[in-house]
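What follows is subunit A paired twice: with subunit B in the first complex and subunit C in the second.
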Partner chain A sequence: MRLAMRELIRRPARFVSAAGPLTLLVLLMLFLGWLLDGLFLGSTGAIRAHGADGFVFSADARESLLRSSVDEGDLNAIAAVDGVESVSGIGVSLLGAEVPGEDDVANVVVAGYQLAGGVLPEPPAPGTAWADRQFNALGAGIGDVVLVGPAATPIEIVGWVDDTNYLLLNTLWVDPETWREIQNANRPDAIVAPGEFQVAAVTTVDGIDEAAVRSAIDATLGTETLTEQEAVLAIPGVPEQNATIGAVIYATAVVVALVVGLFFALITLERTGIYALLKAIGVHNRSLAVGLVTQALLVALVAFIAGGAFGLFLGSVMPAEVPLELSVGRAVFVLIAVAVAAVAGSLASLRRIVRIDPASAIGAGV
Partner chain B sequence: MWLALREIARSKGRFALLGGAIGLLVFLNLFQQALLNGLVTDFIGAVENQNSPVLVFSEQARKNVEGSFLSQDQADAIAAVEGVADTALIGQNTFTVLAGGDDADAVLFGYELGGLGEPTALVEGTLPQGANLAVATEADADAGFGIGDEITILADGGPVITVVGLASESRWAVTPTLFVSYETFEAAQLAVNPGSEVVLPSLVAVQPDDGTDLDALTDAIDASVPGTEALTNQEAIDGNPAVVNTSQSFNIILTLGFVVVLVVVAFFFLILTVQKARPLTLLRAVGAPRAFLVRNLVIQIVLVMAAGIAAGLVLTFLAVVTAPVGDVAISVRPSTAISTVLTLFVLALIAGIASIRRVLRIDPIDATVDAA
Partner chain C sequence: MPALEFHEVNKTYRTGGTDIVALDHANLTVDDDEIVALLGPSGSGKTTLLSIAGGLLTPTNGAVHVGGNDITSYSAKELTQFRARSVGFVFQTVNLVPFLTARENLLVVARITGLPSKTAARRADTLLKELGLDHRAQNLPTQLSGGERQRVAIGRALMNEPELVLFDEPTSALDTSLGEQVMELIRKEVKGRETASVIVTHDTRMTAHADRTIHIVDGRLDAGAAQPA
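== the complex of A and B ==
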């Protein structure tokens, strides 16, 4: 193992051939992962923001937030179900908005809600909004007035909330009446009635069987109540994104294993004579294998650091339309995946090492 | 040639690993392009395959059909712009429907029958000739959207729509799509929004006068009708937010994939050339011309790439046939596959330049020097 380390330190150029492609593959995996996280978090924040134990959709909505409808009677009936602690109606409108300092119209979500929960404080005063902090990127600040929809309904930003966007659109959180006014003023083809919302976020009493409460709500109202995770996965495109980009990430990890295997096979071939000599003086196959795996892991680590640095740079220069979420968790996942792939790939050379005959060191059999 | 082949035959493991890695990279690249192609087609097929050359959106929608709605005043003003021969209203929305005995999502595109907005990729049956008739998407025929099937809009008084035709590549937002009369669309909208005061069109389709420049016409509409954004059909497709976001992200990933192929091939053959330096020098010393050695190197690159690409194509074909991604109908266009293969060959040859230069620098006199 010490020999392997010394070789790495004294002859680093020998390992550039493996580290170069690996760096690019790490960059690819990190970029894919960060993209997946960015797409997921940017699409689902408005659901996760409430910290609710369940979301009640009307039965005919097919789990679509925009097509669901619950009224005041439904909210009261949900609140009366055993085990329900609180119920908050939620409604969203997808509209264009004029943001101060911006020439182009921005797409925004105006979301009305009733109760504080999760990352959301109590609803703001009528005509004002908690804005998702991503509005900063559009140049908006606290005190700015955003003109929403064709009716140019004014909403003043009075504070920030984090990670609350929906379908990659920046969200303005308002009180229920302001939401209904905005919806009805700007979408006369989709009027909402007084007391009407789209879904209800439900919080259950601590320690109770949440699944039983959700079932009881559906049995009482004929609705469809989803967990937070189910509601998130019901957002159009989210499951497909997770499945496809996830599959590409795992396939890339297989390529990493192949590339490591390929380059360590070449390096092993180059060192056949030295390995024979080492075996002739009594070094065990196991020691040689440990040295090889150590080298593969260290090369993978260097590639991870270099790929990570490239990734951070790339992330900083990407246009805002590419939703990257530079998360540490994803980086750790990639590090583990690359390390496992490097070990698997390097072990491909093990067979060749075992087959080396120590006698060949002195020319026997040649 | 024989030398190159014999070396590959004697070092199967090494070349197989390289071929395998390239095969997987080719598969990744082609599969991502297939996915991108499928996603884009399924996102915007309904607009791509309709007959209106110009579509007018509300400016606030930012090219998003779902977010677009226009007033009757705006529709009238568009019709009055110079260079406009004809206009028609198009309505679009997603509904919960009963299809094939199950609840399902369906997008309705309402258009004025016989006019603009009509689907152009009909593959079976007929276009709708009256209310409550529809052309559905071919990909969803087996899911209760086949010819003769009845689809009910799930709402009090929701219309029951009968499928009379099927169109290919005409979905919207990866969802079964129905082209119906504008009146049918209005009935569906009013059924799900009984409190609504009015049904607004999502878009206005425009037929220009003969010989009218489309770009000039869209500019004229934007200037003449406040709050509108007129786009050619191609601009509406290219500017669709889903297409823009998806394409940007995928293009970055695809570029990285191509660079990885370049680097892997370059390093592999460079190491191989360095390891073979002594025998190559010997070959030069006994009279082998430089061109002979370079030719062998290029043959090896081409053969390994061909094998890797073949493996990648087979994997992609199997994945496309056996592993549909959700509801997305993924497909590889022949033009995409051909351009990818050619690009990879060119990149591989570029990757071989370092090795070729190394071979060209070999001096036969070195064969007389004791390597030790």
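== the complex of A and C ==
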């Protein structure tokens, strides 16, 4: 192993041909990962914001927020189910808006809700909104007024909330009445009745079997109650995003394994003489394998550090519209993926090393 | 106890359709502090004999004992261990690890057997000094002359204080005076450590430095080779 390190230090140039492409692959994996996380968070924040244990959809909604409808009677009936602690009606409208700091008409979400929970405080006063901090990133400030919909209904921003967006649109959180007014003024095709919402976010009492409570709600009301996870995955495009970008990330990991495998196959060929010599003076196959894997891991680590630094730099100069989530978790995932791929790739050369005959070091023997 | 014993050792190389007999009923005994010169023409089986003694090749049949142990019964793993601990080998063509300095080429052997690093460093420095390489210790093989490389290889062979050191034409790449010097050096090092050694050569002038000279022709050793001096 010492030997492997020495070689890396004394002959760094030969490892650059592996570390170079690996750096770019790490960059690609990190970027895709950060993008996937950003897309996922930006698409699902409005669901995750409530810290709810379940989301009640009407049966005919087929898990769509916009198609679902629950009324006051439903909310009361849900609240009466054993194990339910709180019920908060939620309604969302997707509308164009004039946002301060932006030239074009932006698409925004106006979401009405009843109760504090998760990252959301109590609903603000009528006509005002807690705005997702993304508005702030785009230049809006407290006291600014957003004009939403064709009716240009004004909503004043009075505070910020984090990670609450829906379908990559920035969300304004308002009280239920304000939401209904906005919906009805701007979407005459989809009028909501007084007391009506789209879904209900439910929390259960501590320590209870949450799945049982969800089943009980559906048994009583004939609704479809999803966990937060299920509700998130029911958002249009989210599973497709996960699958597509996930597949590219895993494919990249396979390419990493191939690059490492090819590189070490070549280097092993080149080092046949040295391996034979080392075996001839008594080095075990095991030590040679450890050395090989050590080199692969170190090359991968260097590539990770270089690719990570490059990625962080690029991420920091990206415009705010690119939904990159520079998460440590994703970096750790990429590090592990690259390490596993590097080990797998390098082990492909193991058989060749084992088969090198120490006798070839002296020129006699087969 | 003899350091090395060959008893009726045959080695046949099978290449394509033909069999090449490289060792033919070889019987040999080398005492535990004896220096034996093995003299013979090219292709007579000298390297083959050394390789079998050093656990690099297995004989086709016959018994090989090193330090009283029958090495023909060893597994590949045991042979690897044997090569690390019990024999030192100086190859016919100098064979050093190219990215290690002279000193590190010696130390690598000590690491294999897990010698404490202080002891190893002391031993390496002593050897390098004795071999006249103390000022070249930090040089890479490419920065050394042929003779210097040869001496590093000798140092490496002695590093683990093996019971048996095998030299395959250690002076072939050197001019006569340097060759004499290296042979002197080998004699001094080996005798000082009470190590047995076999030195392959085809240069009769070098045999003066050995306790005994054995001839090999067409894989056959002198009849008296099994009787130590």
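Convention: the second predicted complex is superposed on the first by the 358 of 366 C-alpha atoms of A that agree within 3 Å, B and C clash if a C-alpha of one lies under 4 Å from a C-alpha of the other, contacts with A are read in each partner's own complex, and residues count from 1 in each chain.
The definition used in the following text is that a contact is a pair of C-beta atoms (placed from the backbone, for glycine too) under 8 Å apart; a residue touches a chain by one contact, two chains touch by 3 or more.
Everything quoted here is computed from the prediction, not taken from an experiment.
**Q** Taking the superposition as given, does A:Ile336 touch the first partner, subunit B, the second, subunit C, both, or neither?
**A** neither
**Q** Which of the two, subunit B or subunit C, is in touch with more residues of subunit A?
**A** B
**Q** Looking at the overlay, what does A:Ala243 touch: subunit B (first), subunit C (second), both, or neither?
**A** A:Ala243: touches subunit B, not subunit C.
**Q** So, A:Ala125: does it touch subunit B (first), subunit C (second), both, or neither?
**A** In the superposition, A:Ala125 touches no partner, neither subunit B nor subunit C.
**Q** Which partner does A:Leu266 reach: the first (subunit B), the second (subunit C), both, or neither?
**A** A:Leu266 sits against subunit B, while subunit C stays out of touch.
**Q** In the superposed arrangement, which partner chain does A:Pro150 touch: subunit B (first), subunit C (second), both, or neither?
**A** A:Pro150: touches subunit B, not subunit C.
**Q** After superposition on the shared chain, which partner residues are touched by A:Leu168: those of subunit B (first), subunit C (second), both, or neither?
**A** A:Leu168 contacts subunit B only, not subunit C.
**Q** Going by the contact rule at the top, pick out the subunit A residues touching subunit C in the complex.
**A** Those residues of subunit A that touch subunit C are 2-3, 6-7, 10-11, 273-274, 277-285, 287, 358-359, 361-366.
**Q** Which residues, counting only subunit B, touch subunit A once they are in their complex?
**A** So the residues of subunit B in touch with subunit A come to 13-14, 17-18, 20-21, 24-25, 27-28, 31-32, 35, 58-62, 64, 66-67, 69, 94-96, 103-105, 154-155, 173-174, 189, 192-193, 195-200, 227, 241, 244-245, 248-249, 252-253, 256-257, 259-260, 263-264, 267-268, 270-272, 275, 325-328.
**Q** Which residues, counting only subunit A, touch subunit B once they are in their complex?
**A** 16-18, 20-21, 24-25, 27-28, 31-32, 35, 39, 60-62, 64, 66-67, 94-96, 104-107, 149-150, 168, 187-193, 236-237, 239-240, 243-244, 248, 251-252, 254-255, 258-259, 261-263, 265-266, 269-270, 318-319, 321-323, 348
**Q** Considering the complex alone, what residue numbers of subunit C touch subunit A?
**A** Within the complex, subunit C contacts subunit A at residues 13, 47-48, 50-51, 56-57, 77, 80-85, 89, 91-93, 95-100, 104, 108-109, 111-113, 140, 156, 168.
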